[in-house]
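I am attaching a structure below and will ask some questions about it afterwards.
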Amino acid sequence: MPKLAYLGPAGTFTEEALRILAPHAERLPCANISAALDAARRGEADGAVVPLENSLEGAIPTTLDEFAWGEPLLITAELLLPVEFSLLVRPGTEIGRIKRVFTHPAAITQCRNFIARELPDAVVVAAPSTAAAAQEVALPGSPYDAAIAACIAGEHYGLVELAARIGDRSDTVTRFVRVSRPGPPPEPTGSDRTSLVAFLTDDHPGALLEMLTEFSVRGVNLTRIESRPTGDGIGRYFFHFDFEGHVADARVGEAISGLHRVCADVRFLGSYPRADGVSPQVKPGTANGDFAEATDWLSRVRTGQV
Amino acid sequence: MPKLAYLGPAGTFTEEALRILAPHAERLPCANISAALDAARRGEADGAVVPLENSLEGAIPTTLDEFAWGEPLLITAELLLPVEFSLLVRPGTEIGRIKRVFTHPAAITQCRNFIARELPDAVVVAAPSTAAAAQEVALPGSPYDAAIAACIAGEHYGLVELAARIGDRSDTVTRFVRVSRPGPPPEPTGSDRTSLVAFLTDDHPGALLEMLTEFSVRGVNLTRIESRPTGDGIGRYFFHFDFEGHVADARVGEAISGLHRVCADVRFLGSYPRADGVSPQVKPGTANGDFAEATDWLSRVRTGQV
Amino acid sequence: MPKLAYLGPAGTFTEEALRILAPHAERLPCANISAALDAARRGEADGAVVPLENSLEGAIPTTLDEFAWGEPLLITAELLLPVEFSLLVRPGTEIGRIKRVFTHPAAITQCRNFIARELPDAVVVAAPSTAAAAQEVALPGSPYDAAIAACIAGEHYGLVELAARIGDRSDTVTRFVRVSRPGPPPEPTGSDRTSLVAFLTDDHPGALLEMLTEFSVRGVNLTRIESRPTGDGIGRYFFHFDFEGHVADARVGEAISGLHRVCADVRFLGSYPRADGVSPQVKPGTANGDFAEATDWLSRVRTGQV
Amino acid sequence: MPKLAYLGPAGTFTEEALRILAPHAERLPCANISAALDAARRGEADGAVVPLENSLEGAIPTTLDEFAWGEPLLITAELLLPVEFSLLVRPGTEIGRIKRVFTHPAAITQCRNFIARELPDAVVVAAPSTAAAAQEVALPGSPYDAAIAACIAGEHYGLVELAARIGDRSDTVTRFVRVSRPGPPPEPTGSDRTSLVAFLTDDHPGALLEMLTEFSVRGVNLTRIESRPTGDGIGRYFFHFDFEGHVADARVGEAISGLHRVCADVRFLGSYPRADGVSPQVKPGTANGDFAEATDWLSRVRTGQV
């Protein structure tokens, strides 16, 4: 039975994701994303589950930066989880008495309309995670009257659900990934995604266009691109890319080799089955068979056996 | 004397930016970025100053999304401000007694080494802003023992600076922008930047490559690109672009017109003097004179006056 | 009744093209393509009809170079003419007695199989044109026994047709154009073609890719590209382009203005109705209305009337 | 001692090229380019020397089409030969008596000014080659009074040189290639050129841009591009490409493999030392070492040995 670290405490959306990704795993809650990933790196856990991006808020910067700068890890699976928020209070609290709300900043944004309508005079304070907010509110002397968090966080910490599905949108989704220490990626399934980080050699105009061309010329479709500052002043960035296909695919292999040649550094983050099960439409001339045939042809041309 | 709203309370880095950008302006502190921008939109202020990106943490999502989705505003100036953090406490607090630290999540990340070394056992709680953290810590019954914030926040709220320059890096910079209600952009200075938001018609592979080509073919250099989720599920994004030049420049005008033609929507955010004073190297054939000459030539060709 | 010069003598395929393009025109035969174009330039004729390319042999170099380097002319129409060759002899000549055949080099190539099969021992000599070959063969003391030319050339010069349709392929087509002195191009018809010549500023790698991108980014489809040596040594070229659309179309205007900006020189050769009547599939975002809308938008953005 | 076929008769520029490329070879004159190549194909000669392009006239269509459609041959060397024309007559002929001039059409074009100035009333007739013109003029009963050809053709056929260097330009150059039956290409020298022919899968807009991108993305610089009609009607082309580098170079191998994948067919014509001795400026990231490193990296990534 594997042990997996996750962004705790118990009751986070991440725990929910972990339960789906690995129902039989032992669960190790950690204080934050970095701690969960470090537990996997140091062998205290066999892997970790962390959020990567949210359909409303976008990328989770800590996760991106850990993957780019921390000790290498390998993404081996992904999960898309619908996110639904509840207003949670200690037993006995009435909605009219709520003066201080504690929740994660992403939840503040995503429940903006509910807050404006139902809690117009409340002060809303940022918490490290929605589950941490629930945990804090559950403490007897907490300065906060309510938390916005997942329903299961309320159950976990003995809070009452005053209102359910309070997000402005019903279709918010968070993408979670499971990581392990580096090793061979999972076998290709025909519906895979690959992630990597690329660092530019220099920031010349057109550098991003060049990187994208390395993908497009081999028919590899990008599904996500994030620029992140390198920290060396404003205006210098590195890039996270997600794209269709598996590193074992010839077109993916050649594309990322091309990227490796023109970039200062490329860090491979993993090839893993897509959560949405979509199979890519392979552009004519870029299937594995096309690459094999071209390699044969080149070999014959080079040796004069035409 | 103009009145400018800003991300308050008094003592934030944003207030410092405002003082530099508009030394004689009346200052209106607001609870958060959205409130500051709304004050400008509703006419309660003549404009606002908000942070746009940080050299370590990247874009400020709230600012990006307000610019993309809120009532339109016009960026008229930018400022790059070095960010230096101090450890601030109520008079009499010793460093060994600090158990709960309150600060903005960005500061948590940027002072990670200091915290690990000097406050290994402290719980660090996320605050809405560094100045709000200082304000909270200054309250007599505060559950927090220390704030990490700008030195001036300490002065403002009567806190003591236990340690200065505690950031992991000495070169962290935040980029602030000044906005006003829509109107004509400031005159070109020869060293300008333009910002806009582009929404894709659909998410076909190569759409980003197409957008970048609209810029590159007119010799317009991008200085920043951010993808942001549209909120319609994972995998659908819109884009923030910063680039060299002024909307009054012919090459910029043609590039953004091209973008407008191929995108579902483009929102112009402003053309304004660059904080770094760098003048772009204009690619041969893309200066205003080259465009004027080509327009004349086309006109002669169309009327047969060759 | 206009007078049109053409590649004579009477009986050439060019004369046939002229009869179709301008049935009521007076016809002025000229010794070669250059002479026909000069007659139009000097006003001895109101225009000229010359061959531009052949589906088997490709571009006619003299025509391309006259258009590029000679006094400017304007292409106002094109015609695609099926080319059928006949073996023509003086009355009384039998096929077994043919020892010397006279014809244009293109006809030699295109009738290669017939010649090898039926005239295996004949010497085939290159003539300036197929009609000139027929004219020469018709002379009493001609050293040639037969000409390969158009059937009508035989009629014109009193020759007998020994064999018809002797070309290797039945689908050979020659493209002819009608030119006049510079002036406004014909009105757009919705199914137009535009031709021009572009001279590179320098021969840097990627220059051709840059030129093609000027077209593709505005959704303008190329239908023909020819590189021609500039004459300054091997390895320096200029380019002939044919493409869909009319110079009055916004997308064509912007594309060729872009080309004008990045090239040392661009010579417009004309916009004229397509002989094949095909209407282009206009790429989304590149119709005239899209350009007009983008221009309006840019104007509003520049003046702050958003 | 190898035997090489060439475009004869003796006295052609091609013979001169052959003498320089292979001073000790036995020489086999052939009636035309196709015959010379066929002699090599059938083993009557060990190879052939033929002209490929001329700095004024451009590509030699017959050579291009033989390379594209005929039995495969391998280019093993190239030569750039300055072309100088002389006016050649039978002993005793005076310039004032010249009424009919015989020469190759390329020479007609290249000596246009001389002809207009010195022989304004002469009829100029097209010959299959300049040496064939000299040969014909040398016959006692020739209907021609003069030939324009290489000086050595005059010596060979006993003609007198009435005028030397009569070309309009002094810098005309013809590029010749030596071919042999297919086999391994010559070893890389560091200053090599590669030639091939590519047939499009279909004629979709942007197909040429795609092909050029296959080269540019691997940093392979094109030195020549020729479109040639496929013969299937106007508007369908295939392409000849010359580019820097040797097929043994990693960047060239990947580029032409890419071309092979996206094209209906690619025919390799050879890699051979450049006549001009220029070494390419290899773009960063595209040297053989960069490819080897990227291949190693990809292999480690695929097996998890990061």
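Miscellaneous remarks
Chains: A, B, C and D, in written order; residue numbering restarts at 1 for each.
To be clear about the criterion, a contact is a pair of C-beta atoms (placed from the backbone, for glycine too) under 8 Å apart; a residue touches a chain by one contact, two chains touch by 3 or more.
For clarity, every value in this text was computed on a predicted model and none was experimentally measured.
The chains in contact with chain B as well as with chain C do not exist; no chain meets both.
When the CA atoms of chain B are superposed on chain D, the rotation angle comes to 180 degrees (nearest 5).
Residues touching across the chain C and chain D pair largely coincide in numbering: over half of the numbers involved belong to both copies. Centroids built from CA atoms put chain C at 59 Å from chain A. Chain A and chain B, compared by their mean Cα positions, are separated by 24 Å.
Shared contact sites, meaning residues of chain C that touch two or more other chains, fall at 213. Working note: touching chain pairs come out as A-B, A-D, B-C, C-D.
Taken together, the chain A residues at the contact with chain D in this complex read 72, 74, 182-185, 201, 213-214, 217-218, 247-248, 253-254, 256-258, 260-262, 266, 268, 284-286, 290-291, 293-295, 297-298, 301-304, 306. Chain contact summary for the complex, chain C toward chain D: residues 53-58, 61-62, 80, 105, 109, 125-128, 143, 169, 171-173, 175, 205-206, 208-209, 212-213, 216, 221-229, 231-235, 237.
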